[in-house]
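Heads up, there are several structures right after this.
Each of the next two complexes has chain A plus one more chain, namely chain B in the first and chain C in the second.
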Partner chain A sequence: MADILWLIPILPLAGFLINGLFGKRLPRVVVEAIAVLGPFASFGLALAAFFHVRHGGTAAFTYFSWMAAGEFSVDVGLHLDGLSAVMVLVITGVGSLIHLYSVGYMHEDEGVWRYFSYLNLFLFAMLVLVLGDSLPLLFVGWEGVGLCSYLLIGYLYKHMPNAEAGQKAFITNRIGDLGFLIGMFALFSLAGTLGIEGLRLKVSALTLGQKLTAGPFQGWTAGGVIEFATVCLAIGAAGKSAQIPLYVWLPDAMAGPTPVSALIHAATMVTAGIYMIARLNFVYVLAPAVLAGIGIVAAATALLAGVIAIAQNDIKKVLAYSTISQLGFMFCGMAAMTFTAGMFHLVTHAFFKALLFLGAGAIIHALGGEQDIRKMGGLAPQMRWVFLVFAIGGLALAGCWGFSGFYSKDAILVGVFDRMSRAGPAWKLTWCMLVVTVLCTAFYTTRLILLVFFGPAGDRHPHKTGPILFVPLAILAVLSAFGGHLQEGMEHLLKPVWRAHASPGPAAHHAALAYSVGAFALGFVGAVLLYGPWRAGLTRFVEGPGRRLHGLVANKFYVDEIYFWTVIAPIKTAAAGVWFVFDKLFIDTLLVGGTGRAVSLAGGGLRRAQAGTVNVAAGGIVVGVLATLGYLLYRVLLG
Partner chain B sequence: MNITWVDWISISPALAVIGAAFLVVLVDMLLPKDASKAPLEIVSYTGIGAALYICFRRLGEGMPPVRGFFGSVVLDELSVYLSLAILAATALLVTMSGEDMRRRKVHAGEFYAIVLLAAAGMILLVQSVNLIMIFLMIEILSLCVYVLTGITRRQPRSGEAAMKYFVTGAFASGFLLYGMAFLYGATGSVQLAEIAVRLREATPMALLGMGLLLVGFAFKVGAVPFHMWVPDVYEGAPTPVTAFMSVAVKAAAFGALVRVCVAGLPAQSAQWGGMVWGLAAATMIVGNLMAVPQRSVKRMLAYSSIAHAGYVLLGLAALKTSHAAAGAAIFYLFVYTFMTFGAFATLAYLGREVSFPGARAPEWHDAEDLFDFAGVARRKPWTAAAMTLFLLSLAGIPPTAGFAGKFMLFRAAIQEGHYVLALIGILMSIVSVYYYLRVVVYMYMKDPLEEPSQKGDMAVGAAVATAAFLTILLGLMPGTMHELSLRAMEHVGR
Partner chain C sequence: MLPYLLFSAAMFSVGVYGVLARRNLLIVLMSIELMLNGVNIALVAFSRLHGGPDGQVFVLMVMAVAAAEVAVGLAILIALFRTRRTVDTGDLTSLKG
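The block that comes next holds the complex of A and B.
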């Protein structure tokens, strides 16, 4: 297995190279065939890989040495175990279906070769991320998926907001990357290696209370460095996986084509942060306080996004906020050390969220680009099959008993409840927020389905959904409905990966079951009451006494505006300020103004600007020289 | 005191290049006026090729340094390493210049000759271990670069840039010479090794000399606050010349700076270390922040090259404790050569001829404004891909060469305890993503302009492709070049 492992990422890369470089001249059918066949072939290989590791085996292969300096070296190597096998299966499986769907969805687009080449490149980067055996290689994939996401968001570049949305995504992600890099360097200074296996060995041999005697963290305890590193890495994860405070880019990213939203911004890329924490579980279990903090932030994200989703009217925005909310759930699973539950939710979420996005794409497609759910309604009889699969996806998302989402969400709730009963009050808050989130989820999902499919039908004639769009939907619907049965298989597959693993008692199971069913029922009934045949009452509330509240929620609590005024505006001001001080004040006023006046007084023929800039440069030198001499004088006086 | 063959060997790479320069002048006189200028290119390639061959031969393990001309020059690992970068930049410039210089209405013969002479000056500068020699070589390369800056005489902007560069450069040379005079006064020697021996105790006069010397170098590498000439000169010079001087002049000046610090002033490392620290911090911050509001891509790249000088200075600031960071800085310089040259060359590749009403002939305009990049991905997907690669590399995104360079550099700086500088560097490289990315946005996400696009020149395209290839290669396999840079730094001053 180890010797053909490299083929899994390379096949999509080949698709990218062929389509990206020659796609312009190739016939459309060839472009589509190349783009779709690569991922499907990778999926076949991924299945083979899965059978190789299904009983706890691993496969690893080092290809060449990437960077080496003295005792430090980073190799390019791939590593396959239960965790990467799960990720590879999801990425190539869901990815292949979305490629197939894209063939139908993008059939009117003339530059489709560009679209498909980015999509293939994305798969390559994502596979490098999950298969790489060292943190720098993981970072390569990490940056690669960010870049592809950015290119694909901006794909429909005729609408300028898309390009701006892409930029927002890229920049927020870079803030996360700063956390990732610092965390990586901190781990390196502790363990002296960046290979994941090497880290695991070094970190498990550490004595946490021991003081470090050298290096950047001199005087810290090893446990302190671990906590610092895990916080930094968690910031990186929050950037990629859209958690507070870095979630603002994800809703904007919905500007891209719908299959892209399904693949990147729902099913795969946004789970990179979850994967990274799962991969480094052996580090995280050493920092329980950090995990508790992650739990609170993630639950708050889940709740905030769940509340915002209630008041959104764009079908893709509702789904985007629900993604943020569900990612919060996954982080809570990680934080409660029930890593399997978190990964399980990642998998089921990939199924039903891809299904919902693709279903939404089918609806938007059928309605000629309409995304506002207030203008939909009554679609159930007109698009019977799409309604069926969308409802399955919705019920899975809402956590209706029997559907896949129920089991995975339940597993996380069990873990959090168990943690609460053992590890104290911080987890109470997490637990409460999660339960309320379940309620919100049921509410906004039901609202979405009621508004889109029920009620009075408008005067419109939706296009028919072709088979190439529908086949992926059907497969994903089956997975979303019955994915809950994968739980035991995943337990078996992933157990060897975790260093420590919580196994909650029966009390937790009962409590989680009761609360999640209760919260779901409450949310469902509430939404039916409000958005069913009696929706006039709600309209009166929103337009009357609830106006302020609704406005606050619909405007996403003004977080975007707050960020603009507290982060972006100051940076822009600083840049403009430096420019102003150097270029305008210093040059124009002080130097050009002064000398220019002197020159023109003397009646010289020199043009102001020319005379000025030379003087400016000279002025800069003089300032620098004075600073230098001052510094040296200071050193001399100091001895 | 005879000059033996060892002396000639010690300057053999420069000799090959100088020989080619003379031959170029001769051949140019013999060529008929309207004939193809290809023979000039062949002569230049021969000289550069011979020099490259010598350098590669000297790269092997355990080659002892060759000293010559009464100990004023040395052919050692550091000089060979930086000569490779200088020669590579020269070769790229020669490659792209044939048709391109004709379009700019530049006389090919004098252009190639001056380029080669500048390269020879740079190579000898990184070999110099003697203050007089260092000053002479800085002047030789500067004179050549002043001329190159103004070589498109018909463009007022070019001449203005040359004039500015010359006046401010002369000013800086004054400081350099002053510093050298003070150092000589304090020690009674101009040999770096001798100065190191006699300067165990730093006198105020020696420190003054050192300070002024560093000021001169800081000007040549474009460090803040001695950077003010850079944006104007880089913007005004013809783009291929900008590409050349932004990498080769920097490599040469940094090489000399490293040598002066390590071989000449080892005992004063605390003093110059502090100065370089301040220069590095100021250069990284101001260079990156100033690049943010620029609308002209050429000017943005000029500020970006200032910022990158800051990263290299960061490695130098860590020099006083160990050679790993300085080695990483030299490696960064090498990597920087290709990504920056490639980015500037792409501006030339995307240029077009514009006819102004009333002008006698159409004039050549490089792609400089952001709008010139609108929709390039549609018209020229390969060029857009290459430019994206260069910009990502400059921003330090893996798996490009720029990432490998920054990774090594910041890692070494952190290891040596320069946390503040490393943090500034990492923060500023995140700021830099913003302005590099803006060009990518225009290339991929804006509609092309109405004007019909012109076919790019093949030779310029070849230079862009070569630079792109090396940017990827150094990103995927930085190992060998990085190790060589570490070894070069370990052995310098021995």
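The block that comes next holds the complex of A and C.
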């Protein structure tokens, strides 16, 4: 494996370098071929790696030493186990399909080489993230995907809101990254290493109650440091994986081209936080209180995003909020220590969310850029195949029995229920919020499909969806429909990775099944009724007594505005104040301008002596003579 | 003795003032004469005080130099007036750096 493992991330990197450096001069077909072939080749290698792991193998290779300073040293090495094999397979598989789809989707775009080189770079960074065998290397990938996300959100940078959305994503992620870094430093000060295997050994050998006698955490217990580190790392995960309070960037990230939304902002990059927690599961299981907190925050995120999604009218915004909501589910799976369930949901979500985004892209493409679902409607007979795959994706998202999303969501609910029955009241809140979220998910998904595909058809003629757009959709639809059968395989593959994991009893299974099916049915029927026969009543409610409520939800609970007034505006004001006092007054006016003005004033004064007028020159002589005489007199008088 | 010296100093100062403040070259030249003659008075007064001839010899010397200076000065002044049509020192700034 050692001789080919490094090729998995390097192939997309090669595509990035070729297209990035020479793409402008290459013909379009060549650019597209290079961009698509790299990921597909990586996918082939990933399959080989997957079978290697499936037969019980793991692989770890150190390629070279990256940095060494005293006791601190980091090597560049790749690590392949069940977890990274699953992630690599999802990234290269879904990534390849989206590359292929992009060829069709972006065919009108001029600078497509730039687009494809960013997309390849993204794959490279994501693969480094999941294959890296140390936290610093993971962080390189972490930052790399953040950079690519920024570049691709702002891909159509001539339109100002796109560029701003890119900056918002980048800056929000930076806040999380700070947490990640601090958490990493804390782990280093505790364990003295940042390699993941080394961390695992060191952390497992710790006595949690022991007080530290040296280092920056002197006086803390080892368990306290673990809790501190896990909280910081969870903040990092919240930034990348769009959880409260850092989720605000993800809906705006929909400004990027739709395949980018599918790949980066739905299927892969946003799962980086989940992956990181899964990778560090051996640290997290030592801090159950932190996990309970993550569970509550994640469930609140899931619920909040689910409620907001109900009132959104932009097809991509609905999907973006559903992504935030589903990411909340994954975090809950992690928090309940049913790591396999969380990872399973990550995989099925990658399938059906990529499918939904690409389907939405096909619809937007066919309607010439229309994204408002109120202006769609009646598309089912006009776009039968797209309707079929979109409905499969929607049912998987909503958790309809038999589709992949149902099984993974159910596994998470089982885990949370089990945790609730064992670990106490904090989990009751998490459980309730999750069940309500299932209802919301079913409701907004049904609403979306009803508004887009049913109802009166407008006077329009959608373009045909070409085969290059449709093939990825079909493959993803099959995966979304039958992905639920991957559960046992994943269980087998991932079990060796976890340090501890819960195995819920039958009661949890029954309860989760009942609540899950019940909530789905309620949401589904509710949406069908409200957007079918009771549509008039709904309209009356929204325009009448429910106007305030609807406005509150449609405006995303004014979270962006609250952030603006509580965080952004004060920082901006303070920054403007500091700029004015320090930059403008102190540096510009006093130091830079002051020096200039002093020289200019002195020069101006001396310049007058050089007027060339006889009188002034004579005055100079007189002053000189007087000074000389005065000096002589002074010498004579004082001896 | 003192009145002579005070008179001499006053005359010299009037000359200095004239040189510095007046802008007509003719008057500046006249002021220089005043300064020279102020010095002359001091020289004569000291000569009388010491009872020696040195001071008076110097005075004659100064007068000769002053005559030469006036001759050259007036010649320059006339030459200037011919080329510049002015004897105002404010306009004569070709020495300006």
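By definition in this document, the second predicted complex is superposed on the first by the 578 of 639 C-alpha atoms of A that agree within 3 Å, B and C clash if a C-alpha of one lies under 4 Å from a C-alpha of the other, contacts with A are read in each partner's own complex, and residues count from 1 in each chain.
Rule of thumb we're sticking to: a residue touches a chain if its C-beta (ideal position, glycine included) is under 8 Å from a C-beta of that chain, and two chains touch if they have at least 3 such contacts.
Keep in mind that this is a model prediction, so the values were computed, not measured.
Measured by the number of chain A residues touched, the leading partner among chain B and chain C is B. Once the two complexes are overlaid on the shared chain, A:G273 sits clear of chain B and of chain C alike.
With both structures placed on the common chain, the touch criterion links A:G624 to chain B but leaves chain C unconnected. Applying the stated contact rule after C-alpha superposition, one finds that A:F185 touches chain B and leaves chain C untouched. Under the contact criterion defined above, the residues of chain A that touch both chain B in one complex and chain C in the other are 610, 613-614, 617-619. By the touch criterion stated above, chain C contacts chain A in their complex at residues 16, 19-23, 25, 28, 89-90, 92-97.
Partner chain A is touched in their complex by these residues of chain B: 160, 163-164, 167-168, 171-172, 175, 204, 207-208, 210-212, 214-215, 218-219, 225-229, 232, 270-271, 274-275, 278, 286, 289-290, 292-293, 324, 328, 377-378, 381-382, 385, 392, 397-399, 404, 407-408, 410-412, 414-415, 417, 419, 426-427, 430-431, 433-434, 437-438, 441, 444-447, 476-479, 482-483, 486. Considering their complex, residues 610-615, 617-619, 622 of chain A touch chain C.
By the touch rule above, chain A contacts chain B in their complex via residues 20-21, 24, 64-70, 72, 111, 114, 136, 139-140, 143-144, 147, 151, 154, 157-158, 160, 162-163, 166-167, 170-171, 174-175, 177-178, 181-182, 185, 188-189, 215-216, 571-572, 574-576, 578-579, 582-583, 587, 610, 613-614, 616-621, 623-625, 627-629, 631-632, 635-636.
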